[in-house]
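Structures given as structure tokens follow.
Paired with subunit B in one complex and with subunit C in the other, subunit A is shared by the two complexes that follow.
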Partner chain A sequence: MPNISRDEVAHLAKLARLGVTDEELDTFAPQLDVILESVAKVSEVVGTQQDVPPTSHAVELTNVFREDEVRQGLTQEQALSGAPAAEDGRFRVPRILGEEQ
Partner chain B sequence: MTAVAETLDYDEVLDHFDPVLGLEVHVELNTKTKMFCGCANVFGGEPNTHVCPTCLGLPGALPVMNARGIESAIRIGLALNCEIAPWCRFARKNYFYPDMPKNFQTSQYDEPIAFNGYLDVVLDDGEVVRVGIERAHMEEDTGKSLHVGGATGRIHGAEHSLLDYNRAGVPLIEIVTKPIEGMGHRAPEVARAYVTALRELMLALGVSDVRMDQGSMRCDANVSLMPKGATEFGTRTETKNVNSLRSVERAVRYEMTRQAAVLRGGGSITQETRHFQEADGTTSSGRPKETSEDYRYFPEPDLVPIAPSREWVEELSGTLPELPWQRRKRVQQEWGLTDEETRDLFNTGAADLVAATVDAGASVSEARSWWVQYLTQQANTREVELPELPITPAQLARVIELIGEGTLTHKLAREVVQGVLAGEGDPDQVIADRGLEVVSDDSALLAAVDEALAAQPDVVDKIKGGKVQAAGAIVGAVMKATKGQADAKRVRELVLERCQ
Partner chain C sequence: MSVIKQTAAELAARIHSGELSSVDVTQAHLERISKVDEQLNAFRHVDADGALEAAAKVDADIAAGKPPASPLAGVPLGLKDVLTTQGVPTTCGSKTLEGWLPPYDATVTRRLREAGVPILGKTNMDEFAMGSSTENSAYGPTRNPWDTSRIPGGSGGGSSAALAAFEAPLAIGTDTGGSIRQPGAVTGTVGVKPTYGGVSRYGLVAFSSSLDQAGPCARTVLDAALLHEVIAGHDPLDSTSIDAPVPPVVEAAKQGANGDLTGVKVGVVTQFTGEGYQRGVLDSFQAAVEQLRALGADVVEISCPSFDYALPAYYLIAPSECSSNLARFDAMRYGLRIGDDGDRSAEEVMSLSREAGFGPEVKRRIMIGTYALSSGYYDAYYGSAQQVRTLITRDFAAAYEQVDVLVSPTTPTTAFRIGERVDDPMAMYLADLCTIPANLAGNAAMSVPSGLADDDGLPVGLQIMAPTLADDRMYRVAAAYEAARGPVLDQIPEL
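Presenting the complex of A and B:
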């Protein structure tokens, strides 16, 4: 039975770089728990049938490839057109806290 | 700060500890396009000019796998003696950082395309070490960040950062070794030799230009120490930013001495990422390593699985070129070289050049001697790689031909080569311009010989008295007078004739 703790939600929020208040944690933890429980019901349907492998794609396709041929992409102007801020042809982002990844 | 020394003497490290290495090498493939979209895969370029909705992570854009990228990954796996997965998938590695516009990196997690192989690595003294390969998996490169406002372009103190996504989505293969144990004091050398061998392999396969200076080959070195005789590995650190073959060796060596100092001082090693400092050869602390759980990997739902058929894998296996170690063995046999000669030939990177010089008509021994010795010295002096020296195998073959004909002595030949290196044209041009031909005209030589004999009558008496070795003094004088352009052997003959 899923039972996501307040601490786990806080940890996930940190990984997602989301600022979540204490009150929000109190709200979100039980809500997420409801979602997880609902999803867990799918496993119940499968039940003891061990021959149903986990699926990552709805259609049973493999090897969908494209040839290694260059296709025209966006211009710099187009690429930056939706950016909140740009400088010297680059996307400008706020100061990055922490270390280089 | 504590009073503990920062590093321990290297020999002392080995008295107490056994090092264990794990090397992760990223290789950028030289496909024409990126891994999941048709944007050009080229180094540099105006920022954000090789981008599209897919590699910028714009909503609704869907990735499609580059057939050539998959093919290269399989060929690399085969060359590393790996098993090729009959079925595997890409996975999302989730983390939030501006160089990944999608907020996840498309990578492979528990289903790598190639796994469980090995690479035989030749050390400097010719000893062969087999390095186990854990896996080779496919992923994509990130964009490039530029930190503005900091003193040194580093992230610390920066006011904001600028992102260029030209590199985002470029195909990468990450090759991970199994733990490398039992190497003792040779661990740093093994690390360098492994990366060197891997680099040669990629070049032979033609899958990457493997330029460490441009980041198309990058190495992360995991190092840990365990007390001598222990069987359980110690806590490891992962050193990044190791951007040359020499740095690989230095970084491993430094980490061994640093960790040993911490452990001997009663401390413990923090599992973390460290950065190699090229300038002084040290490493500095980076971020604590996130656990793989924090990346919340899951199968990439936008891509279908890859299932290389047995036929396809066999076909690709047939495209593998002669691999570096096979070539080494063949060349050694064909040219009848000793182990040491073979090692020097390949360590100096002269093998291709010698082969080309031989093709242009020179003998193996002459060609080898010029490239491995004299020209390698010249390359070192100029701090360039041997193939970058401005002399072609054909030009060198001509010089060797002229030596064979007796037109040049070895000494003059070096001058001719210097002229070619200085951009004075082909060997014949240099000889004409510098007037370097051997003086073989006996009448011209005789004049110089007579002059030298007249200047040293006591020597003449000695020679006439049977002391033939005294002729050396006269020969020396003649060589000096002709500025070394005479054939010393012929001069000697003439001196002896004159003294009969």
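Presenting the complex of A and C:
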């Protein structure tokens, strides 16, 4: 089924906000091709059994509620302790909007 | 016998009786780490002060006549570097988290502290637990103490190598597709993946949330059971944590040790044999099955046809979940940030930081997951994989109507050489062939040493699987088998 090109790998990397070098693209493209070719085997087995329901989780998930009470969480200092940059008790991040926006 | 070669159960008894101090036991293991870890790289970080402080508290309590905080109080442990430890570095084997000091403890960490278990340090692992050899650690591979040119398994190779090298009597691992059991098998140690939801995932840095499960690693089945009971149990901080009593695994291990398996029905999975399996592994497995029969077990063959599709399904589901989970490493709130020069946008900084912070396997899996979840491919890949997951769960359910436990080799081969599979991802993935089904179904499974392969003299693991919340069944069988087989680690060469 697959046959994934260098350009497609570059596109996937962009979608995943993952910088990749030209060298990496050369290595990843054939590797991803082999992996995707191999895992495509899953569609064989279900091809004949369309009515099988999907399982997303081994444990049946239900909402877990608790009383809406104030509890001690991380302090502001703790929350910011690992921040690459902080200012005035807040996370300092690079600009989010482009020039024209 | 020297302190470091003793089991956790023996050490606990001697510490609690006042015959040995926890400080001395902890110190002996810290000295062992100083002596041999340069050859192995099993530990990412050693917290000597923290461990000795915890040990001193246990000794003070015992001197004051207080009962021990738990059956393992005073026995030190190595903690996989994927579980958060407040104020102690937690890297997950990634450059992204180099120097990060978590602001909170994982529930597993908290339970260990409350149980009086001194934490010697954090053990090395494949980056974000993705790998089967510990070669994907950004901080260098861990080496197998049986043969330092070989891998110790992965992702939790650090924990298992530490046990086999007598650097720690106990360790914690996490198992998403075999990361506790496969390292256990190739190092001649015991590794347990409890039932999914049996041990809290709070503070376990997520790789694939529907599969990740923390569990005990040890040198004996009883030690693993004692540790299992310390870390298991419901936790309101993890919404997938099961609110049910912990299976009585210590009692089961003690019962099993009497060596009688009369009336226990054991199923041999017929899919896990043949081409691709090392002859020495299959011979060891056959001998283990004969041993179980000799102990009185009723052994039958069980076919689980959908298990042939477990590996491809796993390598779609796990990367899909990982591509979403690892989006949190965005260089904004914590972790590595690269290229923030005032001109670049947040998106550019994110992309540069993730490029520098992640290794090749993590990048591959993020891209596979991104591909599998993209529109147009979703049904054929992720959708089909979820249907395979249903079929696997059904095969297990049908099998457990006929037998109490299932057995197979833990891994198709013994420990391979460092570098042998690192450029061939599919060859690496095959190491998880037999361990993955239990993760997909959420069942319990463990690996117990089944001796050394007759063709290369390296350790082999017997995998024992049990239904959800019937973890005690596999402990009973494992303890009986272990008692009959005898120790394996006494044959390990001196480092």
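Going forward, the second predicted complex is superposed on the first by the 81 of 101 C-alpha atoms of A that agree within 3 Å, B and C clash if a C-alpha of one lies under 4 Å from a C-alpha of the other, contacts with A are read in each partner's own complex, and residues count from 1 in each chain.
Just so we're on the same page, a contact is a pair of C-beta atoms (placed from the backbone, for glycine too) under 8 Å apart; a residue touches a chain by one contact, two chains touch by 3 or more.
Quantities reported herein were computed from a predicted structural model and do not represent experimental measurements.
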With both complexes superposed on chain A, which partner does A:23 reach: first (subunit B), second (subunit C), both or neither? neither
Please work out whether A:61 is in contact with subunit B alone, subunit C alone, both, or neither, and reply first, second, both or neither. both
Just checking: does A:89 make contact with subunit B only, subunit C only, both, or neither of them? Give me first, second, both or neither. first
Look at A:79 in the shared chain and tell me whether it touches subunit B only, subunit C only, both, or neither; answer first, second, both or neither. both
May I ask you to decide whether A:15 touches subunit B, subunit C, both, or neither, giving the answer as first, second, both or neither? both
Larger residue footprint on subunit A, choosing between subunit B and subunit C, goes to C
After lining up the shared chain so the two structures overlap, which partner does A:41 touch, if you call subunit B first and subunit C second: first, second, both or neither? second
For A:69, select first, second, both or neither according to whether it touches subunit B, subunit C, the two together, or no partner. first
In the superposed arrangement, what residues of subunit A touch both subunit B and subunit C? 15-17, 56-57, 59, 61, 64, 66, 74, 79, 82, 91, 93-96, 98
Subunit A-touching residues of subunit B, taken from the complex the two chains share: 31-33, 37-40, 46-53, 55-56, 58, 64-70, 87, 89, 94-99, 142, 145-148, 155, 158-165, 273, 286-287, 294, 296, 298-301, 303-308
Subunit C-touching residues of subunit A, taken from the complex the two chains share: 1, 4, 9, 12-21, 24, 27-28, 31-32, 34-36, 38-46, 49, 52-59, 61, 64, 66, 74, 78-79, 81-85, 91, 93-96, 98
List of subunit A residues in touch with subunit B within their complex: 15-17, 56-57, 59, 61-71, 73-76, 79-80, 82, 87-96, 98-101
Touching residues (chain side subunit C, partner subunit A) in the complex: 100-104, 196-197, 210, 236, 239-240, 242, 306, 309, 312-313, 315-316, 323, 327, 330-337, 340, 342, 344-352, 354-356, 358, 360, 363-364, 366-368, 370-372, 374, 380-381, 383-391, 393, 425-426, 429, 440-443, 468
